[in-house]
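Heads up, the next two complexes both have chain A, just with different partners, chain B and then chain C.
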Partner chain A sequence: MSKYTQLWAGGLLAAILVAAQLLLRVTGKDYCLTQLTMSVYYAIVVLGLCLVMGYAGQVSLGHGAFFAIGGYTSAILTTADFSRFQSLAGVGWLKSIHILEVRQNLFGSPVTTVSPWAAFLAAMVVTLVIAAVIGYPALRLKGHYLAMATLGFGLIVNKLILGSSIAGAADGISDVPPFALLGGLMVSGKSPVRVQNYYIACGLLLLLLVLLGNLVRSRMGRALRAIHDRETAANAMGINTSAVKLKVFVLSALLAALAGVLFTHYTGGIGPSEAGPLKSVRYVALAAAGGMANLWGAAVVSTLINYLSLRDWFGSFDQAVFGVILILIIALAPDGPLPPLALWVRRAARRVFGQRRPRHGAA
Partner chain B sequence: MALLEVTRVRRSFGGVVAVENVTFAVQTGHIKSVIGPNGAGKTTLFNIISGMLKPDSGHITFDRQAITGWPPHRIAGAGVSRTFQNPSLFLKMSALENVMVGRHRRTRSGLAGCSLRLPSQCQEERAIRAAALAQLEYVGLASLANLPAGALAFGQRRMVELARALATEPVLLLLDEPASGLNTREKEDLGGLIVKIRDQGVTVLLVEHDVSMVMDISNEILVMHNGAVLAEGPPVVVQNNPRVIAVYLGGEFQHAAPSQ
Partner chain C sequence: MDSGDLALQYFLSGITKGSIYAVVAIGFNLIYSATGILNFAQGEFVMLGGMLAVTLAQFVPLPVAVAGAVVVVACLGCLLEVSLFRKLRRHSVMHMVIITIGLSIVIQEAALHLWDEKVRSLPYFTGNEVTSLRILGAAISPQVLWVLGTVAIGVALLHGFLKFTLVGRAMRACSSNAEAAMLAGINTSNMRTLSFGLSAALGALAGCVISPITLTHYEMGAPLAIKGFAAAILGGLGNPMAAVLGGLLVGVAEAAAVSRLPAAYNDVAAFAILLAVLFVRPHGLLGAASGDSVREC
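Let's look at the complex of A and B:
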C-alpha cells in the first residue's frame, strides 16, 4: 500500500468510525459504542499479530496470553492495597512521584494502590521480558517452533491465572480504576465518557495503523517479508534474521499488552477467559481473515466481527460462524476482503463516472 | 595478498565426507573458479564460506579476520555476498525490493525510526531505492524494476539476484553456478559482466560447470573431485594437468559427446 493509498484509507476509515458513532447517537443506541470500543482494542492485538504472522511469517498462539499479562499486571497493581506497607521507608516517596496513589475503593474506603501510569509501564516491562524469554529460543530456529512455544505458554498462563488467588482465580479482577490520560481524557467505561473512550480507542487504532504501515514499507518491513519468503537468502544478504524476528515478536506482544491494559481499565476488570487458548486462536483467525499481510484489512475485519460477536449476533453459534467466515475469506479472498472490495469500488466508479476505455481492455 | 584463506576445511554429512581437507586462497582482485563434477563438494564449500554450514574442522580467514563459525549475516556484513545455485529471490516482492533488501546491512534505521518515518529514515529510504535502481541498471534490468520477482524469467532472476548481491557492496562475491540454465548469449553477457565486476575491484569466487566460460574469465582455477582438491592454478596449467583431464574434463567430454 503506497503512502497515498494509506492516506485515503486512513481518511475513509476515520470517516466510517465517526459515521458509526453518529449513527448510533441518532438511533439512540449509544450503548453499542461500548462493544465497538472493546472490539477496537481487540483489533490492536490482531494488528500486532499481523506483523508477526503476515509479514515475518511466524505464528503466535500466545497473543491472548500477552493481552492478559498486560491486563492482569495493570489490574493487580491498581487494585492491590498497599496500605499495610504505609510505615515502610520509601512509600511516601513513591507517593510523591505518583507511583503510588491513595484512592477510594468500590466501598468508599481509602486504599493505597499503584497509579495506572506506573502499572501500565510495569505491564509493558513484564510483557517485554516474558516475550523476549519465550521468543529468544523459539525464534532462533527455523520453522513453526514459535507456534509450539506460544501455544504451551498460553496454556500455562491461563492455568496460572485460574490457580492464583492474587489474580482472582476464575472470577478475575474487578474494580479496576479509570486510567487518566493526558488532557483530561479518561479510559473508563462510565457512560458519560463513553463517546470520548470510543474516540480514544479509534484514535489509537488509526495511529497504530499509520505507524505500522510506515514500518512495513521500510527497510525493516522488507527484512520481515524477506524472512517470510526465504529465510536463508535473507540471512545471506546480511539480515540478522533471529534478531529481527525477536524484535518484531516482542513489539507485537507489547501491542497486545497495551490493548490488554486499556481494555482492562475500560471495562473495569479482566477475567481468565481473556488468556484462554481459544482467544489466541481467534486472534490468529482474525489476522488471517483480514488478509494476513494486510493491516487495514485486519483492523476492519477484526473490529467488525468482534463487534458482532460481542453484541451476540451469532448466539451459541459464535465459534462456528467465526469458522465459516474464516473459511469463506481464505477460499474467496486470500488477501483479505479489502483488495477485492477496492477493485469493485473502482470498477463501479469507472462505470458511473464514465471513464470510457476500450471494451477489451476493461477486463 | 590473499583476501580469503580456506585452511584444511572438512565437512561430512553422516558418513559421507562432502569436503575433505580443502585448502586454498583467493587473491584480492582475482576471479577464482571452482570446478568439478557433480557431487565434488563445491556447493558445500560455498555454504561453509558463507556461514550457512559450519565446518567440522579447519578454518577460514577473510580480510585477515577469522570468520569460521560466524553466522551468515555477520559474514555478509564483513563483505562477503553470494548468489544461489537456484535463484533464491523473495518471490512476493518486486525486483527492485529484492535488490533493496541487499542494502539492509549498509543501512541502520530501526523499528522506531521506520514507524515514525524520521527524516533520517526517509533520506535513507531514498538512498536505498536509488542504489538498488542503479544496481538493476548495472545488470540491465531497470525496466523490470516493479515486476514481482515471481513473474521474471529464469535468466532475469539470476540477474536480479546478482544485483541484490552487488547491492550489499561486497568485497568478495560468491557466485554459485551463475551460468547454469542460461543460453549461450546470456552466458557470454554474464562472463563479460563478471569481468566488469572484477575490474571494479570486487574479488569473485565462482562455482561453475561451464568450463569454457571459466577458462575465459578466471585468473585461477581450483579443481575439486570427491570433496578434495585435485588441482589448482591458472587456466592454462589446469587445462593441461593430466589428472584433471583424466578425472574431470575427459570424463565430461565422454559423456557429452554422444548427446551432440
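Let's look at the complex of A and C:
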C-alpha cells in the first residue's frame, strides 16, 4: 500500500471508528464500546502476527502466550503486595522514583505494589527475553515444524499458568489497578472513562497501522518479503535471514504483550484462557482471514469478528459462525475482504461519478 | 504393587494413548504426503467415528455399528476433499491449513448441535469396566488389547497397501513427485481424495476402539489433533511409519509425566521433550532434511 492510499485508508478508518462511537452514543448503547475496545486490543495481536506470517512467511501458533506473558507480568506486579519488604533499605528509594506505589486494594486496605509504568516496562523486557530465547532456536525450523514448536511453546506457557498459584491458577488475576497514562488519560474499564479508553485503543491501533505500514515499505519489509518468497534466495542476496526473522518475531511478540498489558489494565484482570492454544489458533485464523500480508484487512476483520463474538451476537452458534466466516473469507477472497471491497467501491464510484469526467474533458 | 509394576502400568497406558496419537499422526501424514496440507480436522474424524458408532450401536450390533461409522466418516472425508479442497486451486497451502482449522471448528460445533455436550461411550468390546488381564504384574483392560491390536493391524494393512498394491504405489508416487506422477498417468486428484478418505476412515476406527476407555465427547477432537500433530512432527512429516514411533513416544512421555509431575503439568513434559527434539533435529526423528530448503513449499 503506497503512502497516499495509506493516508486515505487511515482517514477512512478513523472516520468509521469515530462514527461508530457517535452512533453508539446516539442510540444509547455506550456499553458496546467496552467490547469494541477489547477487540481493538486483540486486533493489535493480529497485526503483529500479520507481520510474522504475511510478510516474513513464518507461522506462529504461540502468540496467545505472548499476550498472556505481557498481561500476567503486569497483573502480577501490580497486584502482589510488597508491604512486608517495607523495612528493606531500597524500598523507600523505589517509592521515591515511583517504581513502587501505595494504593488501596479492592477491600480498602493499603497495599504496596509496583506501579503500572514500571510493570509495563518489566512486561516488555520479560517478553523480549522470552521471545528471543524461544525465537532463536525455533526460527531455524521451517513451515509446519515451526508451527508445532510455537504451538508447543504456547501450550507449555498455558499449562504453567494453570499450574502456578502466583498466577492465580485457573482463576486468573483480578483487581488489576488502572494504568494512568500521560495527560490524565487512564486505561481502565470504569464507565466514566469508557469513551476515552475507546479512543486510546483506536489511536494506538491507527498509530501502529501507520508505523508498521512504514516498516513493511522499508528495507526491512523488503527483506521480509524476500524471505517469504524464497529464503535461500534471500540469503544469497545478502540478507541475514535469521537475524531479520528473529527481529520481526520479537517485534510481533512485543506487540502481543503490549496488547496484553493494556487489555489487562482495561478489563481489570486476566485469565489462563488468554494463553490457550485456541486463542493462538484464532489469532492466526484472523490474520489469514484479513488477507495475511494485509495489515489493514487484519485490523478490520479481527476487530469486527472479535466484537461480534464478544457481544455474543450469534449466541450458541458463535464458534460455528466463526468457522464458517473463516472458511468463506479464505476460500472466496484469499487476499482478505478489503481488496475486492475496494475494487467494488471504486467501480461503484466510477459508475456514479465517472460519466461526468469525460464530459468535463470534452467541454 | 511395587514400583516396577507401576512403571509398567503407566507404560501400557502410555502405549494405549500413544497408539491413538499414532493413528491421528498417520492421518496427518497421508494427507500431507498427497496434498501438502496439514489437516487439523483430523481429530474431528476420531470424534465423529466414536459419536456415530455410539449412535448406531443403539440399533445394530456393535461390529456393524463400527463398520458403519468408519464408512460414513470415510465418505465425509472424501466429500470434504471433493467439495472444498479440490476447488481451491489458487490457494496457498497455508490458506488450506487455515481452512482445515475452520472445518474442525465447524465439525465440532455441528456435533454439539447434532448430539449434545454429554460424554458417551461404546460398550467394552469384550468384558466390562472391571474385567482385567494380568500381564507381567500389570493389570490391563482387554479393551487395551483391542486398541493395540486394531491399530497394529490397521498400520500393517496400510503399510502393505502403500507398499505392494498398484493404488498404494500410485499414492506414494504422488507424494514424492506429483507432476511426474501425473505424467505417468496417475489421476492425482483422485489420489488426494483417497488420502482424505483413508485418513478419515483410520481416524474413525481409532475413535471407535478408544471410545470405551477415554469416552467420546464433542470437544475431544482438538486436543487429539494437537497431540497427533506433535506425533507426526516428532516422527518427521511425510513418513506414516515414523508417525507410529512419534505417537508412541508422545503417549509414553505423557504417561511418564502423569506419574511424576503434578497433574496440571502433564502436557508440559511431553511438549518440552518435543521442543528439545525439534531444536536438535529440525526435521523430526526420522525426517529427511535434504533439499527441503530449495523445494517449493
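General observations
Going forward, the second predicted complex is superposed on the first by the 349 of 363 C-alpha atoms of A that agree within 3 Å, B and C clash if a C-alpha of one lies under 4 Å from a C-alpha of the other, contacts with A are read in each partner's own complex, and residues count from 1 in each chain.
Throughout what follows, a residue touches a chain if its C-beta (ideal position, glycine included) is under 8 Å from a C-beta of that chain, and two chains touch if they have at least 3 such contacts.
No experiment lies behind these values; they were computed from the predicted model shown.
Looking at the shared chain after the overlay, A:N240 reaches chain B, while chain C stays out of its contact range. By the touch criterion defined above, A:L251 reaches chain B but does not reach chain C. For chain A, the partner with contacts to more residues, out of chain B and chain C, is C. When the shared chain is aligned, chain C comes close enough to touch A:G163, but chain B does not.
Contact with chain B, but none with chain C, is seen for A:S218 once the two complexes are overlaid on the shared chain. By the touch criterion defined above, A:P340 lies against neither chain B nor chain C after alignment on the C-alpha atoms of chain A.
Of the two partner chains placed around the shared chain by superposition, chain B and chain C are both touched by A:T232. Residues 232 of chain A contact both chain B in one complex and chain C in the other. Within the complex formed with chain A, the residues of chain C that make contact are 32, 38, 84, 87-88, 90-92, 94-95, 98-99, 101-106, 108-110, 113, 222, 226, 229-230, 233, 237, 262, 264-268, 271-272, 274-275, 278-279, 282-284, 292-294, 297. Touching chain A in their complex are the following residues of chain B: 50-52, 71-74, 76-77, 81-82, 84, 88-93, 97, 100-105, 107, 109-111, 114-117, 121, 124-125, 128, 164-165, 168.
Of all residues in chain A, those touching chain C in their complex are 53, 59, 137-138, 140-145, 147-149, 151-153, 155-156, 159-160, 162-163, 169, 231-232, 277-278, 281, 284-285, 288-289, 292, 316-317, 319-320, 322-324, 326-327, 330-331, 334. The touching residues of chain A, counted against chain B in their complex, run 211-212, 214-215, 218-223, 225-226, 228-230, 232-241, 247-248, 251.
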